[in-house]
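Going in written order, the chains are labelled A, B, C and D, and every chain counts its residues from 1.
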Amino acid sequence: MKDDGSRSRGWSVPAWGVNCALVVLVAGMWPLDWVLVEQMDEYYLRVLILVGLNVILATSLNLINGITGQFSLGHAGFMAIGAYATGSLMKYFSPTGAGAEAALLALLIVGGLVAAVAGLLVGIPTLRLRGDYLAIATLGFGEIIYTLIVTTDRIGPFEIGSSSGLHAIPIRTSFFWAYAGAIVCVASIWRLSYSAKGLAFRAVREDEIAAAAMGIDTTYYKVLAFVIGAFFAGVAGGLYATYDGNLAPESFRFTKSIELVVMVVLGGSGSITGVVVAAAVLTYLPEQLRFFAEWRMVIYSLALILMMLLRPEGLLGGRELLRWRRVAAATTVGGDAVQSGR
Amino acid sequence: MDYLTQQLINGLSIGATYALIALGYTMVYGVLRLINFAHGEVYMMGAVVAYWIAIGIAPWGWPVWGALAVIFGGAMGACAVLGFAIEFFAYRPLRNKPRLVVLITAIGVSLLLQNLAQTRYVFGPTPEAFPAVIEAKTVVRWTMGGPDNVVTVSNLDLLSLGLSLGLMGVLAWVVLRTRQGLALRAVSYRFDTSSLMGINTNRTISFTFMLGSALAAVAGVVDAIRYDVRPLMGLMPGLKAFVAAVLGGIGSIPGAFVGGLVIGLIETLVKGYLSSAYSDAVAFVVLIVILLVRPSGILGRYEAEKL
Amino acid sequence: MKWITWMVLAVGVWGLVGGCKDKGQRGSSSEILIGEFASMTGATATFGQSSHEGLMLAVEQVNEKGGVLGKKVKVISEDNRSDANEAVTAVQKLISRDRVVAVIGEVASKRSLAGGGVCQQYKIPMLSPASTNPTVTQVGDYIFRICFTDDFQGGVCAKFAEKRGWKKVAIFTDVANDYSKGLTAGFKDGYQGTIVADESFREGDNDFKAQLTKIKATGPDAVFLPGYYTDVVKVVKQARQLELNVPFFGGDGWDSPTTLAAGAVMDGCFYTDHYSPDDPRPAVREFIAAYQKKYARTPDAMAILGYDAGMVMMDAIKRAGKSEPAAIRDALAATKGFPGASGTITIDEKRNARKPAFVLELKGGKTHIADTIEPG
Amino acid sequence: MALLEISNLTVQFGGLRALSGFDFELDEGQLHGLIGPNGAGKTTAFNVATGVYQPTMGDVRLAGESVVGARPFEINRLGIARTFQNTRLFSGLTVLENVLVGFNQSVTHGFWGTILRTPHHQREDRMHEHEAMRLLERFGLANRSEELAQNLPYGDQRRLEIARALATRPRILLLDEPAAGMNPQEKIALMDLIRFIRDEFSIGIWLIEHDMKLVMAICERITVLDHGETIAVGTAAEVQADPKVIEAYLGEPVG
């Protein structure tokens, strides 16, 4: 860590090099997919893929919650919208043959965009609400989405399936798609938050009034965070729909949103690598706790409380794994400390 | 007319328990600026404790009022202790930590209580009907318009409404007329300076949690008697009571009471005149609209940020 | 911060090493492994735990008598937290890690559909104790059930309503529950009279007075209530408070000690079921006695179906003569006239169970058979 | 026409008139002080000028254009930057990042440029960083650029807030009690710094300050407010001699 002003910040590798490396990394998932399908136990592979999906969900929520400081408890709602949009369209078109992979990509993006529109609609109330109020309003949004899904049989020609769930969606998602999505999501959000432009997100989190006084359109950045976060949540939903082939509306209730918030907080709000690690640990851990049967969730919730009491700043406490200097502190996320807030 | 009257009675009867739960949310928010997510589970534990007490005293064949007094008293006491323990072990160590962290801890406590209640050692997953301590009876009955247009009020409706009105009165007395109540008001007005004024803030906070939890226990027992006991029963009433607290203006005690009744009425009228499928969603639509139009709620005060 | 990096690496390596494909022969161990996935926790834990208890009783009884094919039967149970996504993970684990030869589960059709997809893919026979949605067994030729289908049971209810001469029926459905919606659909298909009200509630609701007041205003002859026992008693109690004094009737979801314990308030209500607790058949009597001995509780519908699922499955393994999935599948498909506690079970060509339906009338906390309707 | 013109500004909160008939002018290169007892309406004037409050009456014009109704971030982009009475730094960001936030509005690359990290984006980021470091050097904060703002000593936090405001390239800088909580040495350094800013950046500075010595020493003109009314305007000497000012300060020796 050098202190003098001559030091250049951020990437010392040229951007095109990093971009190439990212492309290679995404492409590398293709042969890796093949190897894993051949060699890896299907159960572990499934857990690994679920890790990938949860990484996308938690990272995108981190942009809203951890980086921009807008406390959202409705992330599963965005995921549901993406899942149902992609799933329903996929079932309707049932693409086969050579074009199937391209169709999947297109429909994933459509699912993401539909969720992003919802993100825009939810983002607008953020002009007025903050902290706990926003949290509870977004929770309400998630429940509204759930109710709409549970009571809708179809929209035009597209099946939704109401409370019975949407079944027999063509299965297309593989390790490759899950991890390509995860890499793109993490890289995009990393770049957004660690660039001059993206500093605005963190400035909004730290102090909205000061940010506005520095010429930052706080409304724009808050809504943008919701839109981008919702987009990636929608993509993750689409991946999930075309991985399992089945969707049940209650998978997207606020328990799922809370699970994602826990990943963000446990990882250390604002720390992208921390949240990635937390998403992996919290997907893997309950699987290892299967041994405890009905005590599993008791242990999970106890572990959660203890974690918060012993290490409230999360695993990485706002630091990044690959960036050995402190980039952000989580101390002010979600509003000020209890009681010092007046 | 009879239809609307009956629906209004139905709505007030549900709203009365929402109001009791909402009071706890609003008082805790008043002193700590914390959404106590585990509050719905305290309500559930109130029902569970009452269930075990009722099973326990059933063989003795006590008169109704005696049994009810023991059941309500026991549940309130147990929940007050539970509320105290939750605050002491889970929230107090995090007093100066970011709100998000405390909120996550609250969610953790809520999950813990839910999952503990699902184990057979505490209650078990199966809903159980409450032992027949008091039978539902129609106590007021009249006709409007014709002989078939009956409107009924049951003893449970009266119990629910009467208890919440009565407790609201007791609460008003505690808050406005006692030393502890004065401390509570002082802490919720200015946390930092009240401790300089010689108020024991920790004790006041514990008191608030115990008071709120006891009220939630009453709501839990009422709902256990008229519906049943189940480990996840705290979820929706908890959320709706929170909506009620926000609707009434969070931090405002009369607001929470009014908000509870209003949410109960809205829910019932939506079921009665629109579609029952959307009734839960409607509570949240109301919440979002209120937050956008009048974030301070019906009776709340608006706090502008000072630069 | 270093320790976190190391921890992550260690977990990763552990995962990869432990995650290699197990290519061992299925069913070669000294025990016969049957997998079970159930909602042991979460919103519908009550159903999952009941069917689990029934299954464990069945296995215990068979093992006491020497097991199957000279081996003990071992059930590996996985919880799915009442979530479809978790159900897939659980089934995947049972099949690829635990190498089970057959799977029993789930109660909810959504989760049976989700888990059934995996079973079909790996050609592992799956027997659902209580998933009534017709599409469940359409997933593939390895998926079976031992309960009624929704359309059959809804049809039975419709027939019964007509026999009783109910001209105006109100319907009160749990919209968040596909079982309830399935029965309503089946009822609407079969019923010739007038449906005067079509109201709904949602799982977890406690207060139904708003809807019941609305139903009362339409003046029905009876109310069709295709819900689970977790809601039924509350609905009927509240209806009586509102002086809505017509009969309520529903499906096998009513079957539970809770419904009986409610006593006189349920008088004059009816439900369809696969058996009657008054049934003198020894299979029924023995089951109820054994269950009460083991768990100190009266069994409900899910417990009986869980028990029968276990019994039918173990019977099929015995008849298959070897614990190999394909052979078990064929034996399951050939199940005929099995004397289960929930009735005499025959698996038809669509892999659904055929058994007669009883219509039971409730009176003073007891049931008696009001009608018997054979599968058409 | 002055760069910043405030005319007949009135602000009313319910029954309380925080500011009435306030007139004010400021040009580039000027240093104008605003003093008055607590509650006189000084910060209210700042808040209206930066769009935080809307005036009940009157106008605020920047280079001839009215900025009334514009939102705070828009006013900043038009050229008015400010600091706050109780510092409002981005306490969880580093010193350098705090200043970089100020450069945010000069960023020309868009959303996709950020995600794809185009060469243009990189050049621009590096340029801003360089400028930010230069700014920090002038404020003597360069060697702490990687520290979290919340870990700085109080005086440094005050200076960082000024640096951050300057990064938005304002034409007018509003300083709200910059010397509050500083020791005498720091105050002297601050005086030099404020003069230096005015000369180096050739901007107009409008200063609220309780420390009379500091105000009298550096401001060419001073406005005195009391109960929302302007009671005196003039040079340090003129204001000090004004009887109404002396009365407002209850006989406190002024200056």
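Things to note:
By our rule, a residue touches a chain if its C-beta (ideal position, glycine included) is under 8 Å from a C-beta of that chain, and two chains touch if they have at least 3 such contacts.
Note that the structure is predicted; figures quoted are calculated from it, not measured.
Shared contact partners of chain B and chain C comprise A. The minimum number of touch steps linking chain A to chain B comes to 1. Distance from chain B peaks, on a Cα-centroid basis, for D. In this view the innermost chain, defined by its CA centroid being closest to the centroid of all protein CA atoms, is A.
With centres set at the average Cα position, the gap from chain A to chain C is 35 Å.
Between the Cα centres of chain C and chain D there is a gap of 71 Å. The mean-CA centres of chain A and chain D are about 39 angstrom from one another, to the nearest whole unit. Per-chain Cα centroids separate chain B from chain D by 49 Å. Within chain D, the positions touching two or more other chains are listed as 52, 84.
Within chain C, residues 41, 43, 45, 49, 175, 202 each touch two or more of the remaining chains. Touching two or more other chains at once are residues 115, 118, 277, 280, 307 of chain B. The part of chain A that touches chain D in the complex is made up of residues 1, 3-5, 8-11, 14-16, 18-19, 188, 191-192, 195-200, 202-203, 205-207, 209-218, 270, 318, 325-332. Listing the residues of chain A that touch chain B in their complex gives 65, 71, 125, 128-129, 131-133, 135-137, 139-141, 143-144, 147-148, 150-151, 209, 258, 261-262, 265, 269, 294-295, 297-298, 300-302, 304-305, 308-309, 312, 330-342. By the touch rule above, chain D contacts chain A in their complex via residues 50, 52, 71-73, 76-77, 81-82, 84, 88-94, 96-97, 100-105, 107, 109, 111, 114-119, 121-122, 124-126, 128-130, 133-134, 136-137, 142-146, 148, 150, 164-165, 167-168. Only residues 29, 32-35, 90, 93-105, 107-109, 111-112, 115-116, 118-119, 190-192, 239, 242-243, 246, 277-278, 280-281, 283-285, 287-288, 291-292, 295, 303, 305, 307 of chain B touch chain A when the two sit together in their complex. If you check the complex, the residues on chain C that touch chain A are 1, 4-5, 8, 11, 15-16, 18-22, 40-41, 43, 45, 49, 77-79, 81-85, 88-89, 92-93, 95-97, 109-111, 113-114, 117, 133, 135, 175-178, 181-182, 202.
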